[in-house]
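The same subunit A turns up in both complexes below, where it pairs with subunit B and then with subunit C.
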Partner chain A sequence: MDAILIQILNGLDKGGAYALIALGLTLVFGTLGVVNFAHGALFMLGAFVSVTVQNILTISRKVKDESITFFDAYKETPYLEIWWGDTGAMIIDYAVPISIFVAIPVMLLIGLAMERGLIRFFYKREDADQILVTFGLAIVIQEIVKANYGANPIPTPAPEVVAGSAPVGSWVGLGADLVYPWWRMIYLSFALTVIGAVFAFLHYTTFGMVVRAGMHDRETVGLLGINIERRFTIVFGLAAVVAGLAGTMYTPILPPDYHMGMDFLVLSFVVVVVGGMGSLAGAVAAGFLLGILQSFASMNEVKSIFPGIDQIIIYLVAVVVLLVRPRGLMGKD
Partner chain B sequence: MDAINSSSARKDNLAMIIFVAVVLTAPLWGKLIGAGYPDLLQKFAIFGLFAIGFNLLFGLTGYLSFGHAVFLGVGSYTAAWSFKLLSMNPIPAVIFALLLSGLFAAAIGYVSLKRTGIYFAILTLAFAQMGYNLAYSVLTPITNGETGLRVLRSDPRIIDSAFGVQIEGSPIGSFFGIEMTGYSGFYFCAAMLIVGFYVALRVFRSPFGMKLVAIKSNQTRMEYTGYNPKPYLLTVFIISGMYAGLAGALMVIVDPLAGAERMQWTASGEVVLMTILGGVGTLVGPLLGAAVIKYFENIFSAINETVLQATFDFLPAGLQNFMVAVVHPFVGEGWHLTLGVLFMIVIIFMPGGIMEGIRRLTNWVRRRKE
Partner chain C sequence: MAPETGFPCEQFYYHEEVDKVMSDDIKNFSTLSRRGFLKTSVAGAMAASAPAFFVNNAYAYTNAPKGSTVTFGFNVPQTGAYADEGADELRAYRLAVKHINGEGDGGMLNTMRPAALKGDGVNGKKVDFVTGDTQTKSDAARASAKRMIEKDGAIMITGGSSSGVAIAVQSLCHEQGIIFMAGLTHSNDTTGKDRRKYGFRHFFNTEMSGAALAPILEKEFGNDRVAYHLTADYTWGWSQEGSIKKYTEALGWKTGDAVRTPLGAGDFSQYITPVLNSGADVLVLNHYGKDMVNSLTQSVQFGLRDKQVNGQDFQIVVPLFSRLMAQGAGDNIKGIYGSTNWNWSLQDEGSKAFVKSFGAEYGFPPSQAAHTCYVQALLYADACQRAGTFDPCGVIEALEGHKFDGMGNGPVEYRQEDHQCFKDVLVVRGNEQPASQFDLLKVVEVTPRSKVEYSPTMDGYSGNLGSCQAA
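Up next, the complex of A and B:
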């Protein structure tokens, strides 16, 4: 029982990331009809927003170390600590949560620039061309990040307060050895909040209503005199923000490197396909489902029966779903 | 498309003769463009084969496979095992690689071809990732995981030992005594390339090729005329996978080492890029694309900061540093950035690749003459 619960919990945070990326992918596919192979790069850029924020906050100069008296020692001290002492140190500690506020405008801008600058010229081109041009863009973004930040993963720790684990076991009366890292719990609730916000936005605002109408029948909405293009541009920006936030918050769980985007993208595609292309709820459900499945497959008990299953479970599920139920779990038509 | 209509046997024979001549004289003209060394020429031939095979699928039917590298990997591992267990002779290695990659292609193709468009691309990608992940984890006894599969002196090699062939030094593929390194290695690859090119030419000109083009232009209409597209698609998928398997085997033949990174999706992306750059659906295009990419990869990745400083030496100091700073991210380690940019430019402005560029140029020249 404990083991099962812990696997579900472990799967949820990864599932949260899959769900957020897949949500954006589906949104863009449903509205613009474009398969965006650069969506993973947006996730990665989001992660590097938090690296950048951390780098900026920790800009430092050498200060004489007073604790060492018998020779002159210098150590790097961030300006924030020099100016504001402990408050400064606390701000640095909270680099990752702070970067959320940076990530939203930055990712929105990147998303809008991407749609206006490139994607919009590809609405009328073939599927293959769309896939290829966004694939090329993904390579370019990835290589630019690599050139600027190097190829190694960069540690971006969570704030000190939430560095430990939550004693989930003792809350529900299942023994104290059942623990779950605080940050993963925060990530999960963050993911759920963002997903909730996107759904609320689409369902309870006029803007969202138009977008949903456009997903069903783009032409008719256009004929009604609504500028659907403009709204779809904003939808693309929104998808970029969602992917970016997913990346920003994921950095304490997985130190970002330049190819994390592609690693997640391939899986997210599978998630979208399993959930049903064009179904937002399907994408979210499939994201969590596959996250949990993957987590179960990496249990030693399972691995001893099917060796290697943890590596391929997601792809296997995708293959089966595409063959048995081609429209996906919740897809229409 | 018009290449098919304007086909005539004599023209094809002429093209074939020119092609053979160009390939066989590669060491000579390679010197002129600074590519006159065997390693690079081998790469031209190997990746050329890979791209020609990929183009048979993508160029003719329009089915974009994003997982072709998996067959490359299968071919490599098979060849390496043939070297380990049977003989250092490349012939059995090639035969087994063709068979096994064909088998894999049949299985993957059978499943993937049930869907079209984006779904097909994602399915093939999923299979390739599955293969790659397995090669790294569970299949380590077969693939030797991260280290890569090496051919060792102590391997059994049943056929070789039956004939009493001894190996001195590190094992190298040997074609009845001719070592598969340097130019002899290139000529073996070149022979395979010529055969591969000939087969591709025959496929392009055959009724089978016509049916594949029909699938690309309008699958529904083809079904109405009474053809079931599935068997044709599966056949070309298998052929295309075998080309990739052959390319993978050749990699091992000229350098007896097989690694899982050959199966990564980036490798699949590279062959797509070569095909597009050269010209999708044309005969020579993919080969050209492969050669251009490998050629520039070779040149660009060798450039470092010192070389750049020297290149821009004629400029004033400030401007020199500026130019170096601008160009530096695109060369050396950053070669992939150049590749990505090039890729985007080609797709945006010239979806027909180099071949379309040449066609436009000749048309323009012809019009100027009139």
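Up next, the complex of A and C:
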């Protein structure tokens, strides 16, 4: 029972990240008709917003280690700690949550610049051209990040107060030994909140209504005198913000590196295909479903019966769904 | 410069001598004695067999250098997860080339003993180099090594940050008749069952890590422990899991589960959570690089280091440490035990000379990967100089059984039977009070070479080197 509960939590947590990325992917595909292979790079850029904020907050006074003569080695003390003591240390400790407020405008700007500066020129081009240009863009973004931050993962810890684990076992009467990291639960809550906010935005605002109408029939909405192009541009920015926030909040779980976006992109495409291309609800449902399946497939008991199943389960599900229901779980014909 | 075996000029000298013997005997034929007849017969037989003799021994080895330079091929990860480590390897190789060619302060050329190199190149030729990108993928690494051999004329290939890659490239080099001086590769298989005549490894291996770590683990954690292994699912992971199991079980530890994890899994939560209620009180992370950073970070998040199991504090062990990678784990690395091939803080003359050169050139200390690559380049060059040739058979002979010192690991021997270097091994702990941004690992024990030696024919380790004329 303990193991099942933990694997469900693991799956929901992982699924939260898949769902957030897949949501943006399918939103862009549904509105602009573009399969954006650079979407994983936006997830990675969001993570590096967190790294950058942390780097800025920890700008330090360097005291040279005089015992080292062959190169310059320093003992670093952040200025925030020097100036404000414990308050400064606390601000540094909260670097990741603070990054959220920086990531929203930064990712919106990056998304708008990406769409206006490059992707809009490919709307009427072949699918292959769109894939090539967005994939190329992803590689360029990756290499820029690598050139500036290196290839190694960079530690970006969660605030001390939520760095440990919560006694979830005690909460549900399964014993104090059953624990789960606080930050992962925060991430799951955050993912659900963002997903809820996006759905609310699309369903309960005039802007969202127009976007949904445009997704159904772009031409008719245009004939009504509505500048649907401009709204779709904003939707692209919104998708970039969602992917970026997913990355920003994921940094304490996975120390970011320049390649993390590509690692998630492949899985997120599978999620979109399983959920149904263009279906927002499908992307979210498939994200959580595949996350949970992947976690259960990794259990020793399951692997002892089906060795290696943890590495193929997602693709296996995708194959079955494509064979049985080619439009995806919630896609439309 | 000593003449090259089988070079046309040498054949010419040989023919002259044979001709001289023959003509002298022919002049004396009219007064033929028994002795004269025998001499003539022997000379005749030699002359008759001369072409075959030369064909057998004067094979033109692959990429024999023709001009004033000789080309080394540096095959390192320039892209992918190990790109930073690859960049450090490349820095070390550039420095080695400078020192071999007589530029810079000479680095370890001043401390290595014995040293045939004089800082004026190798065998009268300046060293040039080409680079390849392994991408830490076996197929890409083989392709770049092949390109450097076939198109760029590399006489030797060296580098890399993965055992899978090292074994693949070593095999290719053996087929091509090119010496491979392995970079960072820690699997026993590299010089065990997959050993090759043309492959040489300076880096230590998992057997040595296990032998060096076990006494420290016993001292720190006792004999009554249950270990749970998370293991990267490829040759190195299997090798390390096997070695650590072997040595910890000899201490009296029990091994609980040993779970294989896919390379580059990213999120290890589904593999870590079963550890919580497994009854194990030690988690052994047989992961390296990004996998190590992620699995260690997430293990700490799941509260493993705060747990008490079987009345003891739960412990995490990372058998192979790298300072470069440890940076990614941040504070989580503090207090964790592991082993390493070399650390910049060592105070022997060789290490100091290398750190000084590297630090002056690049502004920071070298990694263990940089150290092993630098040493490998120097050892190869020195072997060529000692052999007086670039002919791989001659160089292999010079490297096999070669004993040297002054290169950062105490007295070292390139064992003839498996081409594995035997030297002291460092047991380290994540530094809890770092004095600087580079002071991440604290050396807690220098395990002497005698404690980590094993038989080249030990069960599961023996292999077949093959011959030096595979090309």
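Keep this in mind: the second predicted complex is superposed on the first by the 320 of 333 C-alpha atoms of A that agree within 3 Å, B and C clash if a C-alpha of one lies under 4 Å from a C-alpha of the other, contacts with A are read in each partner's own complex, and residues count from 1 in each chain.
Keep in mind that, in the parts below, contacts are C-beta pairs under 8 Å (C-beta built on N, C-alpha and C of every residue); 3 or more make two chains touch, one makes a residue touch a chain.
Since the model is a prediction, treat every value here as computed from it, not as a measurement.
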{"item": "Clash or fit, subunit B versus subunit C on superposed subunit A", "value": "clash"}
{"item": "First (subunit B), second (subunit C), both or neither touched by A:Val266", "value": "first"}
{"item": "Superposition-derived comparison: subunit B or subunit C, residues of subunit A touched", "value": "C"}
{"item": "A:Ile253 touches, of subunit B and subunit C: first, second, both or neither?", "value": "second"}
{"item": "Subunit B versus subunit C as contact partner of A:Leu323, first or second or both or neither", "value": "first"}
{"item": "Touched partner set for A:Asp129, first subunit B, second subunit C, both or neither", "value": "first"}
{"item": "Partner chain in contact with A:Gln311 - subunit B first, subunit C second, else both or neither", "value": "both"}
{"item": "Which superposed partner A:Pro181 touches (first subunit B, second subunit C, both, neither)", "value": "second"}
{"item": "Partner chain(s) touched by A:Ile139 [first = subunit B, second = subunit C, both, neither]", "value": "first"}
{"item": "First, second, both or neither for A:Phe232, with subunit B first and subunit C second", "value": "neither"}
{"item": "Intersection of the subunit A residues that touch subunit B with those that touch subunit C", "value": "146, 311"}
{"item": "Complex contact set, residues of subunit B against subunit A", "value": "58, 62, 64, 66, 111, 114-115, 117-119, 121-123, 125-127, 129-130, 133-134, 136-139, 265, 269, 272, 276, 329, 333-334, 336-337, 339-341, 343-344, 347-348, 351"}
{"item": "Residues on subunit C engaged by subunit A in the complex (per definition of touch)", "value": "80-84, 257, 259, 262, 264, 266-267, 269-271, 273-274, 276-277, 290, 293-294, 297-298, 301-303, 306, 324-325, 327-332, 352, 355-356, 358-360, 362-365, 435-439"}
{"item": "Subunit B partner contacts - residues on subunit A that touch it in the complex", "value": "35, 118, 121, 125, 127-129, 131-133, 135-140, 142-144, 146-147, 262, 266, 269-270, 273, 277, 307-308, 311-312, 315-316, 318-319, 322-323, 326"}
{"item": "Residue ranges of subunit A touching subunit C (in the complex, touch as defined)", "value": "2-3, 6-7, 10-11, 13-14, 65, 67-68, 70-76, 146, 150-155, 157-158, 163-165, 177-181, 183-184, 252-255, 257, 259-260, 263-264, 294-295, 298-300, 303, 310-311"}
